[in-house]
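Chain naming follows the written order as A, B and C, and within any one chain the residues start at number 1.
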Amino acid sequence: MALFRRHRAIAALALAAALATACGSPAQDTAKATGTQDSVDAALKAGGSITYWTWTPSAKAQVAAFEQEYPNVKVNLVNAGTGKDQYTKLQNAIKAGSGGPDVAQIEYQALPQFALPGSLVDLNQYGFGTFQKDYTASTWTSVTVNNALFGLPQDSGPMALFYNKEDFDKYGIAVPKTWDEYLDAAKKLHAADPTKFITSDIGDPGFTTSMIWQAGGHPFSTDGRNVKINLDDAGAQKWTKVWDQLVQGKLLSTVKGWSDDWYRALGDGSIATLVTGAWMPGVFKSSVTAGSGKWAVAPMPTYDGQPVSAENGGSTQSVLKQSSNPALAAAFVRWLNHGNGVKPFIASGGFPSTTADLNSPAFLDATDPYFGGQQVNKVLTAASGTVAKGWSYLPYQLYANSVYGDTVGKSYLNGTDIGSGLKAWQATLVDYGNQQGFTVSAG
Amino acid sequence: MTSTVDSPPIRAGAGGAHGRRQHRRGWIFVAPFAIVFALTFLAPLVYAFGLSLFRDQAFFGGTVFVGLGNYAQALGDANFWAAFLRVLLFLAVQVPIMLVLALVAAFAIDSARLHAAGFFRMVIFLPYAVPGVVAVLMWGFIYGDHFGLAADLNHLLGQDAVQPLSDNWILTSIGNIVTWEFVGYNMLIFYSALKVVPPDQIEAAAIDGAGSLRTIISVKLPAIRGAIVVATIFSIIGSFQLFNEPNILRTLAPNVITTYFTPNMYAYNLSFSGQQYNYSATVAIVMGVITAIIAYAVQLRGQRKGR
Amino acid sequence: MSSVLRPRRSRTLTAVMALYLLYTLIPLAWLLISATKTQPDLLSTPGLSFGGVFALFDNIGQTFTYNNGIFLRWLGNTLLYVVVGAGGATVLATAAGYGLAKYRFRGRQAVFAVVLGAIAVPGTALAVPTFLLFSRLGLTDTPLAVIIPSLISPFGLYLIWVYATDAIPDEMMEAARIDGAGEIRIFLAVTLRQLAPGIVTVALFAVVATWNNYFLPLIMLSDPNWYPLTVGLNQWNAQAIGAAAQPVYNLVITGSVLTIVPLVIAFLFLQRFWQSGLTAGSVKQ
């Protein structure tokens, strides 16, 4: 069928490209061993069965569509838990050498932790490297570790400002374009109504790292065994300068994010803005019914007024080394995130990472009644184009996030400056990294 | 006859070869338990001990034998000792309160002076039947200072007086949940023991003119001494192993409850968040040894007093 | 003045105990009231008041049908784990307690000491070694991974040991031996009845423990089709978090109520046996 033929053409191109690269740069490490998609196509034809661990709600529809298209492949869909819960099971299975799935959903910040010890399959060997141009730059960087490719991006989370228009209109607050304006808005709102806050934050590692990202910080860098951690660089300081004022000025709601209280507060206006990833509209629509028609989307405030954003959240699907049929698993990943699986994903409220979908007129022009008829995707796609470059997570980011509350969280709790919390976090991470065999230096 | 924790009174039994053969048959009855126990407790314990002698560097460097190095690290680990002192404090306050409440409840229900004693017995036991996830859900609502019962109380009092999830109150809040959950369990243990107190002892006390309270103190309490000692031991072990309640509550108060809030949480997070399986095993074994020592001490003391 | 042997019901005592009852019941009241609310109502009405719509039966229906009725599957799993696990635990503890109490053999003192020592080590840190062990045996992600560990009830062992010591006279066993009965026959035909109240107590605690078993199943099982109710509820609860959030608070709460109800029924049922057993088979000295 046409799909198949198109893949063959791409495969041929990939082969040519691979040969060209191979000849052109012999010093490149073997991790960039490229191959063709032939084996993947062959595996699809041969059929078989694979196990897929994910928690995305669109997975059911996607698996059904896939099995219809390829009737001799059976996908065993398992929801092994959300985020951390699933990662724990994945780690256990990897340590035991068996019991894991063929394909697993892995968030971008967690990917290095699985990729570096060699638990995931490098998809370059199937020629997936040619898909680079089809994705946004930031998501592609998120799935590559040390020049090896460990997944195809599923969704992206460029950050934007979601604000409660009703609140803003009521209290005469203009949509802030800079963080200073945001601070002013915070003060104005809280003074006018002490039960309302500009946003809620009791410390969240994903949010912190994304904010440092937007401010131009590069706290984590890894080069083989060497890791550098500097949570006190210019970017971090830029962010803490603003955020300290919010925390110490008690201008932030202390409702815990993603709790039922938080959903409640979003619905009744006591949390007036959310600075978060582009996947948020889906959550609003399904879970904050009381806020319908009251919210709108604007670009994320910046420090100097020039548009720049960061990524927050988003995941990919990866193939595990312990899979007994990696080629078939890779075929599924390709279908999921580079084939017919993308449409059901978008239909269920996911925010894509494929440039074609992000820029398609249908996508951009879609009006959203929840957001008062606003064409929100225009703002969000624009944001994906302004994501700051050069960011990387720690090889042990999951661990880092787990001890965030012990260190930075304490600063939020005690109202002390976030910088000192970041320093404590850094110290813990340096220690841990050294214990795990890295050579970690601070600064 | 009182029942003590340790060696039940040795009865005169048949001696000689015939007796030995019979007595060895005792192993038939103990074997199933022993086999499963060996598989599910002893084997992992030995494995864990083995783990504690190595250090596995997950990313580079492989596994190294460090002998007692992990133990040295644990003994000098500030986080571990902070956690240990915390559960010690928790134990010193919560266990007595819980056991006293359970005793009072057991005596009240046993005394036949209560209306609808059966109803009381069931309702007081009910919290023990509630799974941990659900218990924290409920208490999470009550403790919520934005939309929960605590918030309502604060509105009534006009100020932020009630802050169950704050630094100062968190241990009390956890103690409250644990007490709520386990009074019924301990009450049932005491009640069962009370029910087998020989009636003639109680009659004798009544004939001597003792009132209810006197009977309780002089007759019933000593009679259930064994149950009290064992309930104490299990409560001590439970307190040292405090994990479920702070761990689930952590989602509501992530900055107050750290990853090393209790020794058990510390071991858990070392394993599942940090992949530091060796050090985690070390912490667990150190904690286990300390717990066992204290448990034996309590047992010996309870036994001695009983003689 | 009421005598110890024929006491009069006291209203003050009842009133004081009723206070404690209130303390016990408030969280459960919240749970029940919340189970009658729809999710939007849950997120907008005060905790202890009812919502606009009485949605209890709706919620129950939804709980049973959500996700292709996986809740019923979880319920079935839990029943399996309880019947086999708690049942097995009761049998093992009864046999072992009896053996320790009525037979003098070498190593008998050590057994309880070893059991106590082993449970003194925090279980959560034994989880990974247990997981790796079971994985080697090919048992992970199967019901056996949940059932086998739940077969050990240290408290049950202790309880039967003490009970058997007091409740079963050696003379009874000797008489049976003289009549030619084997040891196991003696256990089953002669002494089991004496132990009945103790066994029922052990069964009750074992049922509650296996019904509420959460941590080890969470580690051992990755396929939701084998989850017990506790792990399943936790998964539904975690659905509220993150980019793909789909909160189902009303189902978590209704599910929680449905999880507690069978235990209450079991307790009422077992209580009857226990009551009669305690008064009838009282300790003979």
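The rule is simple: a contact is a pair of C-beta atoms (placed from the backbone, for glycine too) under 8 Å apart; a residue touches a chain by one contact, two chains touch by 3 or more.
The model shown is predicted, which means the values in this text are computed figures rather than measured ones.
Visitor: So how do the chains connect up here, line, ring, star, complete, or something else (other)?
Guide: Per interface graph, the chains form a complete graph.
Visitor: Would you identify the chain whose Cα-based centre sits farthest away from the centre of chain C?
Guide: Chain A.
Visitor: With chain centres taken as the means of their Cα atoms, state the distance from chain A to chain B in Å.
Guide: From the centre of chain A to the centre of chain B is 42 Å.
Visitor: Just how far, in Å, is the C-alpha centre of chain C from the one of chain B?
Guide: 16
Visitor: Enumerate the residues of chain A that touch no fewer than two other chains.
Guide: Where chain A meets two or more other chains at a single residue, that happens at 88, 95, 259, 264.
Visitor: What residues in chain B touch two or more of the other chains?
Guide: In chain B, residues 147-148, 272, 277 touch at least two other chains, as defined above.
Visitor: So which stretches of chain C touch two or more other chains?
Guide: 128, 132
Visitor: Once bound in the complex, which stretches of chain A touch chain B?
Guide: Contact set of chain A toward chain B: 88, 91, 95, 116-117, 202-203, 225, 254-256, 259, 261, 264-265, 395-396, 398-399, 402-403, 405-406, 409-410, 412-413, 432, 435-438.
Visitor: In the complex, go through chain B and note every residue touching chain A.
Guide: It is residues 55, 57-61, 144, 146-148, 167, 250-260, 269, 272-277 of chain B that touch chain A.
Visitor: Across the complex, what residues on chain C touch chain B?
Guide: 1-5, 7-11, 13-14, 17, 20-21, 23-28, 30-31, 34, 46-48, 91-93, 95-96, 98-105, 108-109, 111-130, 132-133, 148-149, 151-152, 155, 157-158, 161-162, 165-166, 170, 174, 177, 183-184, 187, 197, 201, 204-205, 208, 211-212, 214-215, 229-230, 233-234, 237, 252-253, 256, 259-260, 263-264, 267-268, 271, 278-279, 282-283, 285
Visitor: Of all residues in chain C, which touch chain A in the complex?
Guide: Where chain C meets chain A, its residues are 40, 42-44, 128, 131-132, 135-136, 140-141, 218-219, 222-224, 235, 238-247, 249.
Visitor: Which part of chain A faces chain C closely enough to touch in the complex?
Guide: Residues 53, 55-57, 78-83, 85, 88-89, 92-93, 95-99, 155, 157, 258-260, 263-264, 267-268, 277, 279-280, 282-283, 286-287, 289-290, 313-315, 350.
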